[in-house]
Each structure stands twice: as structure tokens, then as C-alpha cells.
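Two complexes are shown next, each including chain A; its partner changes from chain B in the first to chain C in the second.
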Partner chain A sequence: MNGNAENVLELDDLSVAYRVGGTDRLVLRNVSLRIGRGEAYGLVGESGCGKSTAALSVVRYLPRNGSVAGGHVRLDGKDIMGLDREELRRVRAEDLSMVYQDPAKALNPSIPIGRQLAEVFEIGGASAKEARSRAYEMLEKVQISDPARVMGGYPHQLSGGMQQRVGIAMALASDPKMLILDEPTTGLDATVEAEVLDLIGHLRREFSISILFISHNLAVVSRVCDRVGVLYAGMLVEEGPTDRVFRNPRHPYTVALLRCLPGGGRRKSSGGLDTIPGFLPGLGAIGEGCAFADRCGLATERCRTERPPLHDLDGQMSRCHFHDRAQSLPHTTRHAPDESREPPAPRRPVLRVQGLNKTYGRDRAGGGVAAVKDLSLELKAGQTLGLVGESGSGKTTFARTLLGLIEPDEGGRIELDGKELAERVGDRSFEQTKSLQIIFQNPDSALNRSHSVRGLIGRALRQLGGLRGAAMDRRLKELAGSVRLTDHHLSVSPRQLSGGLKQRVAIARAFAGDPSVVVCDEPTSALDVSVQAAILNLLVELQSERDVSYIFISHDLGVVRYLSDNVLVLYLGRVMEYGPSEEVFSGPHHPYTEALLSAASDIGDAEDGRIRLEGEIPSAAAPPSGCAFHTRCPRRIGSICDELDPPLKEAQSGHAIRCHIPADELAALQVQRPSTLSRPVSAERRDDNGRP
Partner chain B sequence: MTAAEVKTGIDRPVARPRHDRVRLVLRTLSRSGVFLSGFAIILFWVCCALFGNYLVPYDPLASDIINALVPPSSAHWFGTDQLGRDVFSRVIVGSRDILVVAPAATLLATVIGSALGLCTGYFRGFVDDVVSRLMEAVMAIPGVILALLAIVSLGTSKVAVIVVIGLSFAPNIARTVRSAVMQERELDYVAAAHLRRESAVHVMFVEILPNVIPPILVESTVRLGYAIFAVATLSFIGFGIQPPSPDWGLSISTNYGMINGGFWWTVLFDALAIASVVIAVNLVADGVQGAFNER
Partner chain C sequence: MRGRRTPARVIVISAFILKRLALSLVTLVLLSAIVFCVGQVLPGSVGRLLLGPFADHEAVEALNASLGLDRPLLVQYADWIWGFLRGDMGRSYMYEAPVQPFIVEALGNSLKLAAVAFVIVVPTAILGGVVAALNHNKPIDRIISIGGLTMTVLPEFVTGIILILVFGVWLKWLPISAAWPDGAGGFTQIHYLILPAMPLILVLFGYIARMARSGMIEALESDWTRTAVLKGLRWRTVIWRHVLRNALLPTITVIATQTGYLIGGLVVVETLFRYQGIGLLVFTAAKGKDIPMLLAGILVIGIVYTLATLIADLLCAVFDPRIRLGGRQ
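Take a look at the complex of A and B:
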């Protein structure tokens, strides 16, 4: 049987199993999808739902324990499963290309870029000279500004965004019919991600290529793809035109996923975020009924016993018995504004930072890399300060300096509860140490894998809380309960927990000594959106119970807006803007903040009118003269920006902007694009330690 | 195979008891041919050391001058040496000393090396500079000279051999541990410990040490192979294990002059025994390393 010639890629009832512990477990069940010529198809879902397995089975790169348990994959009508080695090699070389998540690992670190790229053309039969000139052209096509220089360089000399451009150039070099993009922007900053997505959209039109785009980020998919498929537990639960699926979802999972995002300008005061209760079923562990039934607020007895078919709703497909009611999925948390909260009483400041500087590799001549420059801020009890900026803006360095893990330059001053803090944690008083704690970004690194969860939290209670014996046991139970860990979780090692549970352990540990300030260093950046929502809810809850203050570091503006009372925008270690959250987000804002907001993808945003930041964040070792942002600023007014560093001026009371353009002029310039700023959504960047 | 035939299993989001990690390593080892063959050979020699006296046909120390230098025969499988002692019995029982001295020396080296490695890797800076230079100085002295020097001053007891080999192998282990510790201390759990005001000793031994056990185990198994060779070498040049012990190195040393006379059996079997133990230990080391990598 041959497939439809109009479809470049067809998955037909594809099932894939992994052999784990002697039994085959299905990770992909009866997935059917079609991608037409020139069409971009997005496959979304949370981690563990089978997205990457789908991509790998298309190129037949399944891991050793994986096997196709049924169904077909057809590329241009050819059955991929039936190809012999040589034919498969030809298909991979000519018809199909893949762009990987981490370009740093996908490129060979010891071969110059030009050579790697030319190789693709040489395999296609070009002479060495011709291959070189075509490699040059290809780099121009992916909008690399100085192709000659890049061709002679090595991958490590390029930034992440540039590396991914090279990855895309290599994938397009063989002029494939089908391009598979596996989370191509996940490791990039929002501003860079926006540029790469623009490029993909542009190339798609130029090459009229078909695209399979895999991502956990709904907003990114909504910007690139014509149609979208939602995977859950290895099954396609919903499919349809992107616009329709996101505006009018017909499966409860899609509905729930969209609700988890802290978008729409929502604030913590307007109630908690929706979460998806329960867990993804384990590999291959689905019974008779609907895979989502256990976590679905609409599920009935029928859902548990009868697997729903894929209902065709006029071009939109939903695998739900009650697709017509999907949007009436009950909310998991209260949405109404919290009336019981008393009006904000004048709060006392707990933390005050004045003129903090941190220069790495400082020498006598005053050289070195200024990671944090002249930073001042004030944090009041029970409030949250959001810290935003691209990677390399000094967010993590500031956090570590604050905690006393890194020594700042002399001259600055940090006060906790009115008392000056010593520079190093070892020189601070015990009370001060336990009052200032941190939740690290990566729990795998932050939780000692050799200790049990009970040991980890218990040790913190013993050291910071000074508790022993029965009193400690009691407090341990209480603390575990307040972060929703059960006895069972306490007895295992952290590496046996999922990412969200690990982060709960880290939160419990940070709260062991009843801290007054907790630094949250991108605590949800590696988590799925539904888990992120649960963690954010927990943080808000702990804050209202204990009156703790947060410094919340994130590149995700939606999350920062949701949690923060005040926001501080950093660029190259300098404060660009500082003020109450709503004022910073509603404007007038600094041109950099404006660009960040614009780059943060949102579902259903208009593409026009977006601001793009040209180029990369400059090196902190050689910061630009004048205003640090002038090299990329879309609103640069003239030589004054290059020569004179603007002061931090108050635009409104308590809201300061570091820009030569007066605040009212900024407001006038920015008024043209109000709607796009309303719902910033996850602009995720995983595994960013932000360390120099 | 169709999709329907594939079994489904239940996975829980939270799984597996804690000691599973150890069990996984043991299971990998129990399936590794390399490890098992090495382990079998070592087990054989350990049994010989423990029960050899009861198994051998002759007293390994009893001389029988009339039957001196008899070639291998049905009465004497490996022949007899110049004093008429049964070589087979001596080889079997000869594993006893070396299997005590070499592991003890390795253990000593592991303990000292791990402690030094933890300190240098954790404190870095001045401590690292001083200790590392000292260790490099020790490593730069040829082993034989070091051993001779030490044994001249310490005497030729087994304890002396253990101390000498233990000290001279410690720097190698320390270097491996140091680099593992340096990686570990960059992880955030160490920063978290500092934010709990833990002492340096706690951070080194309670937080970091359990995470660097795998490289320590691998390195010390490799060192055990070298230690066996070193003990045999010292016995051969007359230090350490003393006559009339049937020790292999010692036997080779007393008999190697006879090879020219055609009495090869007095040396060959002892040499093979040493080789078999060294190879076996290295097989075990390979297996252990593989099992840790597989995790």
C-alpha cells in the first residue's frame, strides 16, 4: 500500500516499545499523523510522553532496547521500516535532516565549522571547492553575518544561538524534503529563541520544506506550526490546526496544559495556578480506558473502561469521550481574587543591598569581568523581588554573592534586618546564615545523591533548626507535609524522585531554619509546565503562611510577573529597570525590558510589531561604552547613548529606568503595541547556570 | 509482534528502595565474564591460602635430599627443588603471605590516599600546592630505591613491607580522589552544606566521600595488582617475606639460578602463580570499572 503522494511524512498506526527489565513497554501507541508538503507540524507534550521517540523512529535511530511494535512510517510514500542499510543511509543523507536540542553536542568540537558544513555537500557529490562556496552561501542563508570568519572557527567560539544556526544550515545543506527539529530552541535565551524561530519561519518559506517540530513549549509551537498534535502517554490525544487547538482545545489534557501557564498578566493575589493532579502513567502502564482518566476532572466510569476513539471534529481530532465538554474541565485551584488577604500594610524592609559589585579576575589596573555592577535594592518582608535578564546578565552571580558563597568587591553593603552582613557565609552569624537560604536551579546538583530524603531534610533541621530526637521527627513530618512529600518519599534517595518532587525536597530544606529571605534561582526552569504550576503554588502558599521574602530569579517573564511584587531587570550586571511589578510590565519600560517582553513567545500573538534584539549579549569583560545596552538597543537615539552611561531615573515613584529617553517619551513610543505584552508565556531555558 | 501482544507493566513515579544501587552494581558484576573469571582465580588462591595445608600431598617445608631436583612426575606433579621439597605443595601454600601483605598494603594506601585526596581536592590552594608537590616528590623516587631505603631503616618484617608499599602507592590514589573531589565540590550540595554551616570535616567525609567511592574502589583494585607484584619483587630481592616461607617471590629468588641447569620446574610454577593472581586482580578491576560505568 502506498501513501498519499501529497504527504511527505506519514506515521500510520505506529507503536514503539522499549524493552525494560525483560518486558516490552509501549511508549508510542497507534500514532497516526500526516505532514503535507511545505507544512509545519508541531508535536507537543510534557517530558516522557514520547515526543522524541516519535522523531527517532522516523529516522530509525531508536535506542538498542527500542523496537517498532507495529505500524508504518512513510517518507514520500516509501516505507522507512522496509529499507535496507544502504537505502536507509541514502534516505538519511538526502531526504531527511534533523536539528538537535543541544547544538554544542551536535557539532564536532574539533573540526572547523566550514569543514563540517562542506562535508555535507561533498557527500552530495560536490567538489571540494564547490562545497566550500556552497557552505558559505548556506551560512548567509541562515543569517550569519560574517560567514568567512565563522567557517574558519570552531563550534566553541560561537554562542548558543549561532551554533544552532550552523546546525540548521547543516540540516538544510542536503536539501531535504523533511526537517525534524527536536526542541531546537530549548537551550536558548528568549531573545535568541525569537530570532531562531524567525529564521525557521523564513527558511520554511524559502525552501518550502516540511517540518516536524518537537517541543514542550506550546507558545513556540504556536508561532511556527500550521498544525499541532498533542501527545500524552504515547498517544495522540488531540490534533488540528494550531490556532484551533490552542484557542478551542477539545481534549481535557490540552485544556489543563494551557491553564498551567502563568500567563494573561495573572498575579499571585488573584489565586493559585491550575495544575494537573497525579503523575504521567509509567512506561507502557495504561489499562483499558483513557490514558488521562486518572488525572482528569471530567472522567467517568466509561473513561476508565473504554478507550476513547479519535473523534474527528471537522478537521480537529480529539481522543476524548466528552470532547464537547473538555473546556468545562473543573479548575484545580481557586481563581477568584483572595479576599481574605488584608490590604498591604506598610512592611518593614528585611534586606537592603547598596552598591554591590562583583568583578571576576580583578587585577590592580582595575581590569576583570564585572559580573555585577553597582547593584542596589530593597526587599520588604513577605514580598517577592523578581530578577530577570538574559543568561550572562549576572543573576546567579548576584545570588551567590548575596548568600556569601562568592566574595563581592569591597565597598558594597548588604544588610539583613538592619544589620550588615559579612562578605563570606563563614563570617556571618548563625542567625544570619539560617535566615538567608536558597533554592538552587538544578536539584540533581543541589541534593546529595548519597543521602536519603529524610537525611537531607533532617540534617538541615538539625543544623539550622537545632532540633534533635523526637522534636526533630515531628518537625520533619510537618515540613514534609507542607511541601506535600509523603513518608514513602522520605525513605528514598533523591535520584529516585521526579524533577518536581526533588525540587520540593530542596524547598523543604531551604525552609528548615525558618528563613526570612529565600533566593529562588530559576527553580522551575527544568520542570514541565504542570509541575512548575504546582511548585509556584507551593512557593506562594509558603510565603503567605510564613511571611518569607523571595528573590526570584527567572528568565520566564510570565512566572516573574505572577510571583513578584517588584521587578529588577539586569543587563550585563547592571540594573536597567527597577520598580513595582505591574508598572514594569505595563510600561513605560526600558527598551531592554521591552525587547524581553516582546521576545517572550505567547500563544496567539501577532507576529508583526515584535521587537528583535540584534546580535548577542556583549562580553562582560569588555562592556560597551556609554549605555551598556546601546549596541543592541532598538531605540538608540544617538551618540549620547554610545558615550554617556545614563543614570537610573525615576519614571514614577519607585519605578526607575536607566535610559536617556525620558519616561513619558518611552511611554509614547511603546503605546503602539499593547496587546502582545498581555500574556507572556514560558520562554524556557534549561540547564542555565548562568555562571561565568 | 503486534501492539496488543506487548505486555504492560506498572511503573510508579517513585520507585525502588535505596540499596538498589548497590544491587544493580552487583548484578552487573555477576553477569560480567571478565569479573567472574578473575574472581574465580582469586577465590581459588584464597582457598589455597586458608586450607592449603590440609590439601597438599607433602609438607611444603619438609626437605628430602635424596629426591632433590626430581622433574615433574606422578609422585611430584611439579617436581622438587634442590632441597627435595615438593614444588606443587609449595606453590599451593605459597599464596598465604602474599595474599595478606599485598591487600593490607593496598588498604593502607587507599586510606591514606583517600584522606589526602579529599583534603587537597576540597581545600585546594595552599594545602593542595604543598601536599601535591610532596606527593610528586615521593612518586619521582624509583620504587626500588624507596623500598630499600625504608627497609634498611625499618627492618625486613612484613609490617615494614606493608608500610612501604602502602605509603608509596598512596599518592596515586590521592591523585585520582583529588580530581573526583574537585568535580564534586563544584556541585550545589556543597554550597548548601556551607549554608548550613557544616564543618569542613563533615563536608569532606559525610557529603563528598560517599559520592567518590566508585573511583576509589576502581583505583584501589588496580593498585592491588601492582601491590602483588611489588610484594613478590621485594621477596625476590630478599626483603619482606623471609625463608623458609614457601612464598612465590622468595622461591623464585632462591631457585632462579637453576634454570640454566635445566631445572625449570623450580621457577616456572611460582612465576605462573604470580602472573595468575596479577591478571586475576586486573580482570576484577576491569569488571568493577565497567559495572560503575554502566550505572
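Take a look at the complex of A and C:
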């Protein structure tokens, strides 16, 4: 489709600057790209590379301190920058629409949804009544099941997925020529993400619309877009047809980004993940050479002095002097499976949970919301248990119960190192408290901004490690060293650190008391992939050094698979499947696990034969009868599922599935999906230490 | 165009209102108990207080008995509350007359003064805050913000005296006393109240304008405002329909809490302008150890405060469906 001469959107040599501290700093540098009619173009890159700035300059909604420093944005040949206020309003009303990252914030909280949607038709000149009926139709088009109820409701009454559907309906209501999607599925569950992406793909054909799709998630982009552009430090470093760029990247940055992903069935035992050393250059701080040179294993003197032009490689563009050998970028970590590290010695169990229940708002009649139901598990020293499930499945409640932050119902039992744990953290012994620590999802809010990093870690060492004076200083240095924080990092406040460094501080804090179990609650989901890779490597290293066990909560199945020895799948607080990681991932799976795997985006997956869960996770206040999953189960066999809750049955030794369908039948139903198991890029790996 | 009024929604909303009413009632009961206790712990027996230090012991006891002060505390409290509910607030020791007419007159006066101040300050302060936010960091914003803050920190007796000097003494535009002649009509009363209201307006303007400004700035920078703008709505529509109702929610609460101050906290202004409001009444009662008057005055101020908060809560619920309807359905 990119052969179409008629471009809907053209960025022509666009540069955008932000004014910081009195000087203008360029965040976009001479970016040129074209999007044809009906084409979907993906713009990818890590945070801070200028993706959102590009989107906001297209709609001319730059922050107060932002300005266009040069170049043009043309929509259907019209220069957006030259429009006056009224013309710009008309363009926004008729030709351009945007779907935003956080749908909960992008909808007005105090106006009924029907009203917010109808408004778009009213701008187009429809009468109030007509606008209302068209709003209704629009909600039907985005597959909202009860439009009448949603019309009268408010955003906070809808789930994230439904809110994003409303957002999409609103964007498409004006029948625009150009749709900008700014991280539209970030923050949504994988199952919901899959549905939203399906919907976008479907509507795109129906409305024959051009799309600018902005995302940090390469896999998501690979599923939606025809062409893709990779941004680094405000510059387009690679561009081309999606499958070519991802299968045969010609810029080292793209190569490195793809290698950071723990996809393709990789495991921690087969070696660490590749990372991208160093940091993104600061705002506007690029020298004369290639912006990526400082972090590139292929860089030569030429790269540091001469900025590479965009080389046109037969439709694929690369801004690299050495585009022909981009894929020979040296690996940053060893890949050879380290057999010697796999210890055959029997491991002792450190954590044992038996029959744990947590019911919120319990009354005497036995009512209430069962957030965790009859959960039992065992965690061995030095092992990782992955906890997966959609939001609302009880993952966080379980973690909090374990930590003693909320009290479970009577009857359950938690044992740490063979001793029973009191229900509340205040009743636990000091030993037990420091042995059980947590790393939170968002290090921003988990670290006190008014202390220095040294103060934060030092306090943890005093509290948990009982250390004082010189002994504490020594331990502090050692601990900081093991999470790769330098002296400079110790002296600053957390707000001066990047997300990845902050998470390192949080990890150091958790390890201050030499814990035996650390709960990791989505520790990398707010981080860029290269930073995620580094954090995962760190966690694996700390585990092998200290024999610590993790309970790793994540919605990213690739990450869970990489890190976990055992996996537990939760649905509505119930254990649906439990077993060794490899067996859970290779199958036979519980139908719910199967659906989660199917929803997960991996680069190069086949689009057909995907299983989709319909509707949303039911309310835990009124769980379905029989098997909790039967209302959404694609493999429901009959009334037995609605009536009888199946027991957890062993499929293989240690691998249990809660399903009426026998394991061998499940295995027969679930034909292997080979495409997820091998990643295209890894096949191209040639020269592991081939520095030019 | 309105959201459907489903029965479930009506139930949610009425449950919300009932809950708020019940909470207000609990507040009032607690308040009355505290006020009553305050009356009890004040030193000296009432009989002694009234009869003076040289009266003999029997006479004091007899007076206490006739006032019912020798009964158990709980009975006295019940009696007091029951009387209060019927409009009998007891007898003033100082005036040797029923308390109730004094309270009613003083409360009426206070309400008039508060109403004049309120009607002027609320619209102007909100307008000021909104204008400041729309011109964020421009000169007009600076003038409004800094000017408002300056006025807020000046005490009422300073601004009051300056205002009296300027408008009452030099320009002679406004009467310097708030006490209007007997039988004055509504307009004359307002004429007399403008000058006393001015210091209050100056104090409150900065406060309310600042809340309105920050709420407005936050709303203007929100994602949903961006959505509204990028929908292609006219700027005016964005402001009126999308921004204002969300922006002014915190302001409503602030205004409500300031209403209590406007009714009960005006001792200085009332003294300065010789105006018999409830603040001055309570102050005089406290000085004269006129306990029935004091208790009744405090309780009435408390009731006004509670009512103002209740109204603010309900207003917030009108504007914010998240408060009105609770969490997800």
C-alpha cells in the first residue's frame, strides 16, 4: 500500500524544540515520513525518543514550552502549521482524530458518555436527536454490548477496555482521514489489548482510514502496522515495511531493541538478556556524529564524527554507516546455556501456603467478595513462582495477604522457613518481616522523594539489617554495587533518577535485610524494554548469588516464562493451573491459560487461529456458578461446566489443571502454535563478538 | 439530553443523600454533647455566679435547685436538648429573659451580613480565579493572584479601619456603622451593610480565587480537556461544558467551610461596625458568663456550619457523578 502516491499525512523535515531552562532543546530532528491513504504506520521507540511529541505536533497541541523549530506537517497537502485558529479547529473536527493512552483520564469524568460522544456529531452539524442516535450506532460499531446503558453512564463506571472502546468510537465518529493512536493499549490487560487491537484492525478496513500508531511495544506495532519507523533521540533511524524491519533490521538500535525482549520461549537458564548499555542522550544533547554511537557495539570513529544519512535500502531506510552489518552487533551478555549452574541438589521449601482465602466485606451469611479462594502453593529456595492472570484475578490481593498487609480469612496457613506466619505484619517476628520483602510496580511512588538514595537504602539497612556506623556503610556500598548503583547515584534524590535506576534503588531496599522471599509486583511493566532486560538480568543474578526466591507477578507472559520455575494461573481468585513453567507454557493448558497465551503479542505471530475471550472478567462479588471460567470459556463442553466446579487435576506430575476436560484431550485440542516459540531475529545471529 | 434515570440509579442517589443527612445528624448530636460538656466544666456554680460571692450557701443551693442544676447531668442534657428542639433555649442570666429572641435576631443579622458578602465575593472570586487561570503566568494572572493573597493576609480590623476612613469619613459614601435606623427598608439595610461586608470580601476573595484558579489550571491541563479541544469543539464550549464543572468542585467545598466563618467568626467586624450579629452575641455571653446564651449561640453556629457542609457535599455530588454514583457498576 505504500506505493500509493497520494499521502494523507506528511511530516517534512520536522523539528520540534522544548524550551527548558531558557534554552531550546530539540526533541525531534528533521523527521520526514509519509503515510498513504488507508495505510497504518507505526512509530516505535523508547520513552523520551520523541514519539508523543511527533503525534502532538501533528494535531498542534504541543505543551506550552514546545514549538516547531522547522519543517512542515501536511494533512492532505494542507500545511497544519499555517492554519489560523478556526481552520485548525475545523481540521481537528473533520480530518484528524486521536485515541489516547490513558482512556480513564481522556474522558471527561462528569459528563455522561452518550453526551460526550454525541457532541462530535453536533460539531458536524447534526441535530441533538440525530447526534444521539448516531452516537448509539457508533457504540454498536465498537462492539459495546449494551449501548443504551453505556450512553447514560459515566467513564468511571466502565472498565479500561470499555473506556478505550468509547475513546475509539469518539475518534472515529467524525469519520476522519487520519487517526492517531498514542499507546492505545498500554495499561490494558493482554486479553483486552488483543480485543482492542482486533477492533482497530477491523474498523480500519471498514472506515479505510490512515493510521499513525505510536507505541513502545514492538509486538503490538507488528500486529497492526504496514510500515514502521524507529525513533531514537528524536531522529528516525530506521523505516520500512513492518515485517522487513522486524525480521531483517538494518540499524543497530532496532537490532538491540528486539534482542531485549524476553519473548520466544527464552528461559533464565539459557543466559541473560541483551541490554542496551548507557543512556538515551539528554534533551537536545547530540554531538555531530550518530546519536546512537555511544551505546553501539559497532561504532567506530567515523560514527562519532559524521552523522549518517538515511540510506535507502530498496524501500527500507537505515541511518547507519554500517547498515549492512547491523545484525552483527555484539551481544552484551552470554547466550550459551550455563549447564553448570543448574544445581541438581534437592531444594528446601521456603514458603508454603495452604488453603488461603481472602473475602472482602464478609458477612455472617457467608457473603462477600472472594478475592482469593483456596490457594495453596509451595516455593522452594532459589526458585521463582510466576503469578499470572488478568486484572481482578486476585494477584495483588494474594501478594498483600502474604506480606501481612491485609488479613486473610481464618483457616488458611502460611509458613515461612517452616514456621507459621502471623496474619498481620505487626504480629510477625522481626526475622520473618525482613525475610519477606516486596518490590513494587511503580518505584516513583514507592520511594520517598525527600530522602537521598543513600538515606533510603541506609534506612532499610538500619531497620532490616540492624547495621550501624562503618558496618552499615560497608554493606551499603556492597549492596549498591550489586544493583549497579554508583556513588553518584547514592548522593542524589530518587526524582533525579530514571525509572530503571529508581527500580534498582527499590530492589536494593528490598534486599537490605537478606530476604528469603521477595514479592515482585509487576516490577518492570512501567519500564522500557531495554531497561526491563537489565532489571530482569539483575533479578536473576541476585537470585543465583543469594538463593532468594521470587514471587513474580506480571501480565507479560514472555517475562514470566523467562524468569519462572513454576507458574500459577489465577482467575477470579481461583487457581486455574499450577505447574512447572515449561509445562504450563508448552501445554496442555487450561483453556484460560490458552487464551492468555493467545492474547499475548509476540513479534511474528500468525494472526489467524487466535483465541479471543469475549466480554470481561466477571465480578468477584457474583462469581459464575460451576467453573468460574465457564462464561468466557472457548472450550466449554456443556452444562457440567455451568453446574460443577472442577477440581484441580494433575495432568503430569506437579502440573495441575482445573478443568472438566481431561488433560490429554486438552492437549489434542491445543495444537502447538510454533510461531511463538521461535523468534525471527535470533535466527539471524551470526557473530557474537564481531566488532568491526 | 440526560442520562437515563434508571430505578437503580435513583436508589443509589437517594441512598447517598440519606447517608449524608444521617452523618450530619450524628455531627450535630456530637456537637451538642460537646457544647453541653463545655458548659459543665466552666468553673464555679451558677447559683454562686448569679448571687455573687457574699450570698449565703443556702440561697445558692436553692437557686441551683430551682434552675434544675442539681439533677443528674444526663437529665439536664436531655432537658436542654428537648427544650432546644421546641425552640426554648433557656433563660439568659445576664438579661434575665429567654435566650431565643436574642439568638434569632442576632442570627438574622449575621445572615444578612453574610449574604451581602457572599453574593459579592463568590461570583467575583470565581471569575477572578478563572480569568487568572486562563491567562496563566501572564500579568493579569499575577495581579489577581498576588493581589488576592495580599488582601487575604491583611486582618479585618486593618482593612476595616482603612475602609471606614476612606469610604465613611473622607468620601462619606457609606455609613460607618452597620446599625441601620429602625424600620429601614431592604435597600437601606444593604446600603448600611456594604462597608462592613468589604473586609470579609477582601479576606475571602484571595482564598476562593486561589482555589478556583488552581482547580481551573489543573482542569485545563487535563487529558480530557485535550480530548475536548482535539474533538474540534469551540474554545468557549470546551470551557463552559467541559472545564468549568470539574474545575470548580474543590472551590465549592472551600466556600462552604468559609460560610461558617462568615456566620460565626465575625466578632472583630461586628465590634468594629457596632453590629449585633451572633459572633458578637456569643463573645459578650462568654465575657458575662451567660452560659445558656453561650451554649445556644455555639450550637446554632454549629448547625449553620453543618448545613453549609451538607449543602456543599450535595452540590459536589450534583457536579461529580463519581461521588454521586460511587464506584463501578
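Going forward, the second predicted complex is superposed on the first by the 664 of 692 C-alpha atoms of A that agree within 3 Å, B and C clash if a C-alpha of one lies under 4 Å from a C-alpha of the other, contacts with A are read in each partner's own complex, and residues count from 1 in each chain.
In the analysis below, contacts are C-beta pairs under 8 Å (C-beta built on N, C-alpha and C of every residue); 3 or more make two chains touch, one makes a residue touch a chain.
A quick note: this is a predicted structure, and the numbers were derived from the prediction, not measured.
Asker: Going by the touch definition up top, name the partner, chain B or chain C, that contacts more of chain A.
Answerer: In the superposed model, B touches more residues of chain A.
Asker: What is the contact status of A:Arg115 with respect to chain B (first) and chain C (second): first, second, both, or neither?
Answerer: Touch status of A:Arg115: second partner only.
Asker: Should A:Ile438 be classified as contacting the first partner (chain B), the second (chain C), both, or neither?
Answerer: A:Ile438 contacts chain B only, not chain C.
Asker: According to the stated criteria, A:Gln143 is in contact with first (chain B), second (chain C), both, or neither; which is it?
Answerer: neither
Asker: On the A-aligned overlay, A:Asn248 touches which partner chain: chain B = first, chain C = second, or both, or neither?
Answerer: Neither partner.
Asker: For A:Tyr154, using the defined touch cut-off, is the partner it touches chain B, chain C, both, or neither? Pick first, second, both or neither.
Answerer: second
Asker: Mind working out whether A:Ser52 is in touch with chain B, chain C, both or neither, as first, second, both or neither?
Answerer: After superposition on chain A, A:Ser52 lies in contact with neither partner.
Asker: According to the stated criteria, A:Leu107 is in contact with first (chain B), second (chain C), both, or neither; which is it?
Answerer: Only chain C; A:Leu107 stays clear of chain B.
Asker: Per the contact definition in the header, classify A:Met170: touching chain B only (first), chain C only (second), both, or neither.
Answerer: In the superposed model, A:Met170 contacts chain C only, not chain B.
Asker: Is A:Ala93 touching the first partner chain B, the second partner chain C, both, or neither of them?
Answerer: The answer is second: A:Ala93 touches chain C but not chain B.
Asker: Mind sorting out which residues of chain A both chain B and chain C touch, each in its own complex?
Answerer: none
Asker: For the complex, give me every residue of chain A touching chain B.
Answerer: Residues of chain A touching chain B: 15, 17, 20-21, 23-26, 29-30, 69-71, 279-287, 400, 403, 405, 425-426, 430, 433, 436-438, 440, 442, 445-452, 459-460, 463-464, 488-489, 491-493, 496-498, 501, 509.
Asker: Please output the residues of chain A touching chain C within their complex, sorted ascending.
Answerer: For this pair, the touching residues of chain A are 59, 61, 89-94, 96-98, 100, 102, 105-112, 114-115, 118-120, 123, 128, 132, 148-149, 151-154, 156-159, 167, 170, 174.
Asker: Looking at the complex, which residues from chain C come into contact with chain A?
Answerer: Listed in rising order, the residues are 1-4, 6, 222-224, 226-234, 241-242, 245-246, 319-322, 325, 327-329.
Asker: In the complex of these two chains, what residues of chain B are touching chain A?
Answerer: So the residues of chain B in touch with chain A come to 1-3, 6-18, 21, 187-189, 191-192, 194-198, 207, 210-211.
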